[in-house]
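Letters A, B and C name the chains as they come in the text, with residue numbers starting at 1 for each one.
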Amino acid sequence: MADQRFFVNAGPFTLAQLAELAGAELSTGADPARVVKDVAALDQAGDDDITFLDNRKYLAAFQASQAGAAIVHPDLADRAPTGMALLLSKDPYRAYAKVAQAFYPRPKAEPWVAPTAYVDPAAKIGDGCRLEYGAVIGARAEIGARCHIGPNAVIGDGVVLGDDCIVSANATVQFAVIGRNVYIYPGARIGQDGFGFAMGPQGHLKVPQLGRVIIGDNVEIGANTTIDRGAGPDTVIGAGSMIDNLVQIGHNVQLGRGCVIVSQVGISGSTRLGDFVAAGGQAGFAGHLNVGMGARVAAQAGVIKDIPAGQTVGGTPAVPQMEWLRQSAALNKLVKRKG
Amino acid sequence: MADQRFFVNAGPFTLAQLAELAGAELSTGADPARVVKDVAALDQAGDDDITFLDNRKYLAAFQASQAGAAIVHPDLADRAPTGMALLLSKDPYRAYAKVAQAFYPRPKAEPWVAPTAYVDPAAKIGDGCRLEYGAVIGARAEIGARCHIGPNAVIGDGVVLGDDCIVSANATVQFAVIGRNVYIYPGARIGQDGFGFAMGPQGHLKVPQLGRVIIGDNVEIGANTTIDRGAGPDTVIGAGSMIDNLVQIGHNVQLGRGCVIVSQVGISGSTRLGDFVAAGGQAGFAGHLNVGMGARVAAQAGVIKDIPAGQTVGGTPAVPQMEWLRQSAALNKLVKRKG
Amino acid sequence: MADQRFFVNAGPFTLAQLAELAGAELSTGADPARVVKDVAALDQAGDDDITFLDNRKYLAAFQASQAGAAIVHPDLADRAPTGMALLLSKDPYRAYAKVAQAFYPRPKAEPWVAPTAYVDPAAKIGDGCRLEYGAVIGARAEIGARCHIGPNAVIGDGVVLGDDCIVSANATVQFAVIGRNVYIYPGARIGQDGFGFAMGPQGHLKVPQLGRVIIGDNVEIGANTTIDRGAGPDTVIGAGSMIDNLVQIGHNVQLGRGCVIVSQVGISGSTRLGDFVAAGGQAGFAGHLNVGMGARVAAQAGVIKDIPAGQTVGGTPAVPQMEWLRQSAALNKLVKRKG
């Protein structure tokens, strides 16, 4: 299904192969030797394709699907169309991720330095790197093995990149120490000065920003996202965190491991998020807050005080989710009564 | 009025010429042969200029204007200063657009390939294209006739651009099939991976994003806006849609024809907007929603359920506009009573 | 403390030197000849470092600090650990800014033109400029003395830059006249077309954007921020204004002197802000408004009408701060009573 202009299919695979790599169980009656040629969406899959059902909103599409095979939660197995081979998994989306990665592994970038790339003589470039047209690598930068630096991307003086990183087209990275397997999307801005100055009627006076950006392994940083470096302490992004597009992360912010920050979120200076905090789109955090491990913040919420570990909050100013829902309901009732 | 450093005036025109190209009617007593040399704002226009009145907020400025001529709705003709020649139009802003386009047509980019532009030998470049310094065109890309690729812009492998497109400085386009006369502003990011992964305490697992971005004819995509490619289905932007700066459009989103999306709006994955939907600045849409044709969403609204065609909504969570206004009023009253 | 990979320390200084340049008073008993080697955060400073206390939230950290010296408000002098030398200042953050600037002055960029930079023959480049790899300077541009144009930054035809400006990596500037000592961060987009078109079912018709962007002296423009040029009038950013990352400023907007605009704020077309207006993160302004001098807008507020000078507003739609707090309290009470 994937457009061959852009994607190369590494299949086919047998159902048995797919079940094994996905950690899924093949349903009774399914032929382990059956050949699957591609992945496809529920409504586009045909007899040679494997699809998946993760969101119950698409149950009807699942029941109408022409897919030869599907990955599905065991509880929903009996809702499948007759004849569809099933890969049963308690985490069907994760199982699908593994299957799709098998069909479409990330293409390897051939080692190469484009003639218009510039590498400072005092930079170190690891084995197997690929530097595209117009890429610029500053003095004393240390680029790990097998990194891929996109066209017109700019890596500043002294920056450290671990192995297997991708810095996409037109992104900029400065004052940063970055781990392994970090993926920086096009146009992301990492390491510029934080928004720090002493305000005053005689003019705002800039405060030198003397920290760095420290990024752990396996992080993704979305397109046009901005992460300022620390003012003195560092700005820290914990390993495995996923950051979407157009997110703002202020100076001295610390994210724990595995945080998920959806598009257009803003996190003000010196706020700390524990491990596995999730923030919905356009949520905002005031500065100098502590957000506990596993806390969840609804989209567009405005967080102005600390959040305990595990709590879900919503609204502006953000309150525990149940309270926020009750506020909305009460307001609605008030209007209806008067209306 | 326009600064000659930056703009070249193609005038002058007579009032008769302007009336014809604007589809407007010349007011009684105005001399069709009168020469107009430029367009100008109400408060800056002089005797040789033509101005316009569209927003009633500026009625006083209209009445005080020194402009020799003005485009105005017939209903407001009697509010004009004496001696001002009028072009009467029921859509004065559209009429002004035509007049201003006549005075200041978009400059033609001379065909050329800059010496530091890179074009992959396996790319196809249409007749009359202009590729600026540092532009990069990937393998098998197909660029239509008369396209203008700005300095340091990057077009990825396999991308298709129709005729007469502009990709501005430092923009990036990948995994995309784009129609005719599409204008991509500086720093826009089109076609990167969507924000798709299976979350889990053992680490978030990336789901390959196997769709494309499909953009119809006559679309504009604002500066630093991000449009992710589909996860399997495509992300689709309908013909004639206007997208402002810093907008986020997630994977699998579909916009109909003629949508207007104001700055900093975020549209989450798999949400579909019908034709001519308008979204005010900073509005947010949750994922997997259906927004009907002609629906209007107020600035900063948070849309979390489907919107029927033609409905106007506001607030977070978004409700029909009248209800939202009543909520604000009720809340205000409650406070005033207790205050 | 600052990482020597990235920062060069211009110290040491004596306490007497620091007190003088900070305009601070040395506390009784402190040795003016004592040598200070670096600045450091409260919890990281040692005997040779100077730190500062500005936010009372960190009073405990101040009391536990191992710093040899600290800048602090006279009122808090008696809370200092024994033995800590104090620089007393009524504006400790501003005093710290001066001290930190002494230790870490902005590095001077050596005059140079990179071999892959492109300068149009009809551009004028001032003395002492540095143009990095891939920078592009358009025809008739006028670049002041000692400007630093970053890698892959693009300056359009006719743009004027005053002395001592920085245009960082991958930023773009067009249709702009810019003062002295202006700092444009990576990926900022200045001067593209405003979002102006006549809407209609037969297609939206583009209105030529015939104004410029005028930027005063000593302005900072954050990473990936977008500032559209005027539609006819100019877009104006007053001297000394500080604009954070990912801010949107629409066409014809005027900012007075010394405005502070935090990340992800959006200001719609033709709105005017007086001098020293401050807007918190993610706040939004509708178009055609007047915001008086010194007004303050809370984070995430939605401003839909004029704000008098000096007033603080919050909420959506924004109301005076006290009213907004009362609204939140009333809503909360309503829920608690019913809950």
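We take it that contacts are C-beta pairs under 8 Å (C-beta built on N, C-alpha and C of every residue); 3 or more make two chains touch, one makes a residue touch a chain.
Not measured: the values here are computed from a predicted model.
Peer 1: Mind checking subunit B against subunit C and telling me if their interface is mostly the same residue numbers on each side, over half, or mostly different?
Peer 2: Different-residue interface.
Peer 1: What's the rotation angle, in degrees and to the nearest 5, for a C-alpha fit of subunit A onto subunit C?
Peer 2: In short, 120 degrees.
Peer 1: Measuring centre to centre with CA averages, how many angstrom lie between subunit B and subunit C?
Peer 2: Each chain reduced to its C-alpha mean, subunit B and subunit C end up 28 Å apart.
Peer 1: Touching at least two other chains at once: which residues of subunit A meet that condition?
Peer 2: Only 116, 134, 152, 170, 187, 224, 246, 264, 282, 316, 331, 334 qualify.
Peer 1: What part of subunit A is in contact with subunit C in the complex they form?
Peer 2: Per the touch definition, subunit A meets subunit C at residues 116, 118, 134, 136, 140, 152, 154, 156-158, 160, 170-172, 174-175, 187, 189, 192-193, 195, 197-201, 203-208, 210-212, 224, 226, 228, 232-233, 246, 248, 250, 264, 266, 268, 282, 284, 286, 288, 302, 316-317, 319, 323, 326-327, 330-331, 334.
Peer 1: Could you list, by residue number, the parts of subunit C that touch subunit A in their complex?
Peer 2: 1-3, 5-7, 39-41, 44, 55, 57, 91, 93-94, 96-98, 100-101, 103-104, 106, 114, 116, 132-134, 150-152, 168-170, 185-187, 218, 220, 222-224, 240, 242, 244-246, 258, 260, 262-264, 276, 281-282, 299-300, 315-316, 328, 331-332, 334-335, 338-339
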